[in-house]
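Quick notes on the structure that follows.
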Amino acid sequence: MLFRFHNLIISALFLLVSQLSADDTQAREIFVEAILAEGSEQTALVESLSTTASTLVPDFLEAWKRGDIFLLEADGSAAPTPLLEVEPEQEGGTPTYFRVIDGEEMAAGSFDPAALEMARPSRKTRRVFTMTIDLLALSTPNVQERADAALKLGLKRDDDILPKLILLRETETEPSVIEALNEGIAVSMLSHGTKEGQMDAIQLLRDENSIAGLDALKNLRHDLNDGLATHPFSEEELAKLTASIASIESYISWTDFVGTCFRGLSLGAVLLIVALGLAITFGLMGVINMAHGEMIAVGAYSAYISQTVFYSLFSESTFALETYFLFAIPFSFLTAALCGFILERTVIQFLYKRPLESLLATWGVSLILQQGFRLIFGAANRQVRSPSWLLGNVEIFDITFGFNRIFVIGFAILIVFGTWFLMAKTPMGLSIRAVMQDPQMAAAMGIRINRVRMMTFAFGSGLAGLAGVFLSQIGSVGSNLGQSYIVDSFMVVVAGGVGNIVGTVISALGIGVTDQALQPLLGPVMGRICVLVAIILFLQWKPGGLFPSKSRSLD
Amino acid sequence: MKFLRGVRAGAILSAGALLGLQAQAEEDDTVKVGILHSLSGTMAISETSLRDVLLFAIDEINASGGVLGKQIEPVVVDGASDWPLFAEKSKQLLLQDKVAAVFGCWTSVSRKSVLPVFEEYNGLLFYPVQYEGEEQSPNIFYTAEAVNQQAIPAVDFLLEEGREKFYLIGTDYVYPQTTNLVLLEYLLSKGVPLRNIGGGLRRDADGEVISAGTYTPFGHTDYQQIMADIKKFAASGDAAVINTINGDSNVAFFKEYAAAGLTAEEVPVVSFSLSEDEFRSLPAEDLVGQLGCWTYFMSLDTPENEEFVANFQEWLATADVDGIEREGRVTCSPMVLSYDGVYLWKAAVEKAGTFDVDSVVKALESGISFDGPGGTVTTQENHHLTKNVYIGETLPSGQFEVIESFDEVYGEPFLKGTFSEE
Amino acid sequence: MSTQEKAEAKKKEFILTCEGLNKSFDGFKVINDLNLYIDKGELRTIIGPNGAGKSTFLDLITGRIRPDSGTIEFGPGEGVALTKMREYQINRLGISRKFQTPSVYSDHTVYDNLLMSLNRNRGAFAALFYRESAADRERIDEILETIRMTEKRSLIAGSLSHGQKQWLEIGMLLAQEPKLLLVDEPAAGMTDEETERTGELLLSLAGSHSLIVIEHDMVFVRQIATKVTVLHQGSILREGTIDHVQSDPKVVEVYLGRQHEK
Amino acid sequence: MIKFSETQRSLAGIIAVTFFLVVAMPALNLFGSEGSFLHISDYQLNLWGKYLCYAVVAVSLNLLWGYTGLLCLGQGLFFALGGYAFGMHLMLMIGEQGAYKSALPDFMVFLGYKELPAHWIPFKSLSFSLLAVLFVPGIVAGVFGFLAFRARIKGVYFAIITQALTYAACLLFFQNSFTFGGNNGFTDFKTVLGNEIFAPSTQRALFFISAVYLSLCLFLIWWLTKTKFGKIQRAIRDSENRVRFSGYSTTTYKLIIFVVAAIMAGIAGALYVPQVGIINPEEMRPSKSLEIVVWVAVGGRATILGPVIGAIFVNWLKSYSTYHYPEYWLIILGALFVLVVLFMPNGIVGLPEQLKGFYRKHRFRFQQKKEAAAEA
């Protein structure tokens, strides 16, 4: 995806021959030389690229690393010609080739593509790439990239780079980049600087709450303890170092706390999305639907199908990728609802009076569906790609907020609101509640209870389908997808109070946050066990869950 | 109601028919071998491919005249990802079908569950999947990668790359636990300080480390917290992640990895359980640049491999196997090691001149070579194989680009305690 | 004797003393500062509109729910506080309850239903090694006679008609040999003839037993009632004879009036 | 014609089953000539031994679900706990015959244990282990049951929290650091009570013990249903409030039944482990426990022989179809459950009665039609 995107940029760059600057021409010459060179000569040439002012260098290095540079053997003893391959936009099309030296496109038929040989950089050379790209990035106009590169280079604690960074600090104007430079320089100073430099660095890292610098500080302390440090520290200086470490550590624990809350919220949102459908089919209708997990899987497979359909309609284009997901959401809802509808008509409608037996029948259905998925889609899991707007993250105060996680929280709010609206504000919701509370009375009032039950079950299954769409974004789509969520879903509904959607919301969020909060302390497995045990104990205290349903019937 | 009654009668009748359908054919000019993999349940995703490649190998051998003049008759049974059922099925294969050899098992626990059966009834099992070692049964041949044929070369490579910090993460079962314990010893022996090993250590009462790394249960999908931890760990640069997560969880792991803004350049992940076959169900583009280490890659540029891949694809197109997948198939190390196993068995049978298990084992122990798709493999006296090890970098196509290779690595199952701290 | 002492002495004769009872569900007061005294051997009828708290009151007595505040004491003399006890313990004291919807063991025979209700050792181990004695059989025959179900003794209880189940449940109450019977709408679903017979039975029990009967059917109430308590919004509105109560305008307004509207 | 009562008929059934399992099957295994139709191979006998252990679990669940109305979705847990308790003893009996020639179980050696953890030491004693087979599931059931019944958790809630319990235990046992072998569990046993574990004679003996044990369980249930205790048990299922208001502490009754069922399943687990040669946390998976419920439903709940028939039939079907229709067995099994629930509420055992009912109805209608035709 990303790569195709890159390809387009590269081809655009290579096509703009008319804007060739002197820098670029120089860079291109070095490229060709580097491609044809070997060993340390090659690494030296690549390193020298960082001194050119050409903007082509990073893209070129990317292409080389990826294996898009080919060699066209020349006749006789002449050196081969390096070419850049650009993949066709349509699948099955033929790639186009550009000469690296001048960016001219090679006419089709002027050479035999089969005779091309890939020019792979050696592993050693490729290690130089990263540093070259970083060094170049120090002068890109993109602020974020500049800052990242500055920090990364600083963390290398390299004698040669340190002066460059210090020099750059003089001229840099962007505050965020200066900050990163300071941090990077400070880390380098800790191991290479003078005593004053070290003390300044200790103070600076503390002031900047530098997580990246923590290791360097700790290493310094280790070295001091072991007597390996370049300059011995006085008691007071040592105390300063220790205080700096402590300060950063407390900052980390703060970010951990906020991060944990966010992660808990997002896990809670996942649980909520997964359990909401069950809150309706099980909570309201009393059907112990063990096939709920498979309804989720139906939704996830629907997302996969819509992706496939979009790809076949619009080819594997960015458009298809960015939009299929918007289509997948309603589509998955509908397919899962349809499956729910069929399930209700064929099996569940006979079991309303035998809820415990609905458990067995639906479990049978779940086995059939699981193997059915395998027979239809194959045993291997299917992958659903994420549109770019679900990738990436924002980082605030060293806490990462993934877009997909933010999305799931929003998505959960949306479907909870939608469900609430349907239940509380529409005539359909009114009849649903009437049928669930007293089917006979509802029937007497002229409500077609069969139809309402059918629709309700389909709706609950549809919600499960929505959960499936989202789960396809955080994991892969497989026949066992639903199984991993079924116990959790039931626990969420039961802990929240059967038949109460507000209870489901609160218990999902509560379980999510508790789980994430326990994880760092106990590890992922013990954390989950504790959550399960806590729910069991909670039910001792409140057997009806958070919001028990108020039924006066006896048994 | 009438309709229902009809359905009921139909169901009863078909159940009856089902039970009556037990046809048995036996011919003298064939020899039976067992194929014991999970074709349903959680492990089906991985093991079905091994069944396919085994059937392919058997068809190939049958087409070229069979073994000792006999055609091989495969008996395919489903272990159903159910470990006691594996034991039951292996008993069935050995006692009822009287198979000459069995090819099968993926998980350690399934192997552990059938091991006593093979020892009791003197069967012969070929086990093809990379494992934790610490085992050497007289009745099993481990064509699989031992820890020193996968994890250790990978770590060597990372160290050479200049990585200084290693974060260990895996699924909580015996393979990751053991591998990480071996790696811990190995890293310490290479001078990596304990504080540079991430994921957490557990010590016993005497302060001895009994477990290293973070472990998640099977099918775990929530890696947010762990990723935050890795991010902190890697903040100071030059860190790598050693990943022994099993199966589907990897998808969640790598998606979270990307969402956390980590990249293969900054923090490379080397995975031991992800082969080309797994990439069919993984978002390979999220893993570009990540590393894998196996004794075979589909992208290997050798005539043997090209022929193997082409023949396998051709076979797939026409194979008459229920529910077989034909589209988008790839080959991978466990598949090739299964394939090698069949040919090694054939060679051993021919050398011994009999199907008798003891004689075949003796022949295998004497050292038999086969030029497989991944290079020459040679059986060792300790029931493991000497083979080449490759390190590959993931490409967006789900293939590996070979970036390093180690030739003829001797398979050594018992590694713990063999590395001492410098 | 001071008035207080008098009250104390009076209290000692009550089989059931409820004082200051309160119970609310979700902020809604179902029982509101209820004080009720039942004499030994008395047959008390409680009437009141739907939601007046009648069944909740029985739930409180039998330990099905706990009051928010207030006391319930059982027995003349030093009363036993019921509010801290579990249902089966309360039952073993001699309080039996008939539910609104007949509650019998539908999978067992009529005979077994009565057998299990007999006032014998109800411990688990005693049940394991229990053998019915001649006395037990006689007692069951006697009850079968009383509830006129001798011929139906081997029938499965689930196959009985609604009215017969009501009778069986009353029989099960008798088998428990209770001191106080709490009877929730015994006449529901019965034919007129059955209703009348039920009334006769209840009347015959009064004196030797104490009874609290909750009923809607005013004809039936008229048949059995000596003293009627009208419950409204969780507290007592009026108490007295049926004529007295029925002529009370307030009662007519809240209860009977509404009934007539229906 | 003499009419037999229900109890007499079920007693006859139990005696027939006992004869078949305890006498006929071992005899056919020992004396039937190989290859003949009547011969039962060692493999078959061993397979049946496994089925019989499953049958006992089904019987124990039926005691809970069929007779008391407590649907427990964690019966597999008690089965596995019994199995683990005995498995620990078997592990220690391997002695130094394991891969490492160490007195410690193999998995401890490679996890770096220097000595046996304290809670393992008593399992060196056979009698302690046997007691543990009874007490571990019993105590877990006792504590959990006490909490659950005291809080009046029942019906669906009970089903779901028992599922959560077994799920939590499953996660716990999957952990390598929990000192019970993690995912691999216990395998590679060598001897049981000093006999070589996989020797045909040992396996035959284990089959025999399982068969006798199953028969004992059946007789126990038969006797129980006749007692007043059994009657109260069913009364709790049908109308728990009535029982409570009749002066019975239903909590105590349910707790006793729950504990007895757990112990019954635990012993079955202990017999199962040496016959299949492995115990691992998979046995605690919620789906395994669900499967047990299905055995009971397929055979016929609240009947004495139903669970036995169900367990054997479903597991036989599983063995059969994983061999002959590996791709489809889940579908076959799933469809079976759906069909049984929808069309055979009384299970296999209730089928003849059900068919008789149909026949009567049919005949009645047919006669009506005939009469109508005659009138016309």
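Chains here go by letter, A, B, C and D, matching the order in which they are written, and residues are numbered from 1 within each.
Please note the rule applied: a contact is a pair of C-beta atoms (placed from the backbone, for glycine too) under 8 Å apart; a residue touches a chain by one contact, two chains touch by 3 or more.
The shown structure was predicted, so the numbers you read here are calculated from the model rather than taken from an experiment.
*Asks:* Both chain A and chain C are touched by which chains?
*Replies:* Both-contact set = D.
*Asks:* Taking each chain's centre as the mean of its Cα atoms, which chain lies farthest from chain C?
*Replies:* Farthest by centroid: B.
*Asks:* Out of B-D and C-D, which chain pair has the most contact pairs?
*Replies:* Spelling it out, more C-beta pairs touch across B-D than across the other pair.
*Asks:* Averaging over Cα atoms per chain, report the distance between chain B and chain D in Å.
*Replies:* Computed value for the inter-centroid distance: 34 Å.
*Asks:* Centroid from C-alpha atoms only, then distance chain A to chain D, rounded to Å. What do you get?
*Replies:* Using C-alpha averages as centres, the distance is 44 Å.
*Asks:* Measuring from the mean C-alpha position of chain A to the mean C-alpha position of chain B, what distance in angstrom results?
*Replies:* Each chain's C-alpha centroid was found; their separation is 28 Å.
*Asks:* Could you tell me which residues belong to chain C and also touch two or more other chains?
*Replies:* 99, 103
*Asks:* Please output the residue numbers of chain D that touch at least 2 other chains, ranges allowed.
*Replies:* Residues 171, 174-175, 239, 241, 327, 330, 336 of chain D touch two or more partner chains.
*Asks:* Which residues does chain A have that touch at least 2 chains other than itself?
*Replies:* 371, 375, 483, 525, 528, 554
*Asks:* Please name which positions on chain D make contact with chain C in the complex.
*Replies:* 224, 227-229, 231-232, 234-235, 237-239, 241-250, 252-253, 256
*Asks:* Along chain A, where are the residues that touch chain D in the complex?
*Replies:* For chain A paired with chain D, touching residues are 286, 288, 290, 347, 350-351, 354-357, 359-361, 363-372, 375, 483, 487, 490-491, 494, 498, 525-526, 528-529, 532-533, 535-537, 539-541, 543, 554-555.
*Asks:* Going by the contact rule set out above, which residues of chain A touch chain B in the complex?
*Replies:* It is residues 1-3, 67, 120, 123, 127, 130, 152, 155-156, 187, 211-216, 218, 222, 252, 256, 259-260, 263, 266-267, 270, 371, 374-375, 378-383, 385-386, 391-393, 395, 400, 402-405, 471, 473-476, 478, 480, 483-484, 515-516, 519-520, 523-525, 528 of chain A that touch chain B.
*Asks:* Can you check the complex and tell me which residues of chain B touch chain D?
*Replies:* My answer: residues 4-5, 7-8, 11, 15, 18-19, 21-22, 39-40, 76-80, 82-85, 87-89, 91-92, 95-96, 107-109, 112-113, 115-117, 120-121, 132, 134-136, 172-174, 177-178, 181, 202, 204, 206, 208-211, 215, 217-218, 322-323, 416.
*Asks:* Sort out for me which residues of chain C touch chain D in the complex.
*Replies:* 62, 64, 86-88, 91-92, 96-97, 99, 103-108, 112, 115-117, 119, 122-124, 127-130, 172, 176
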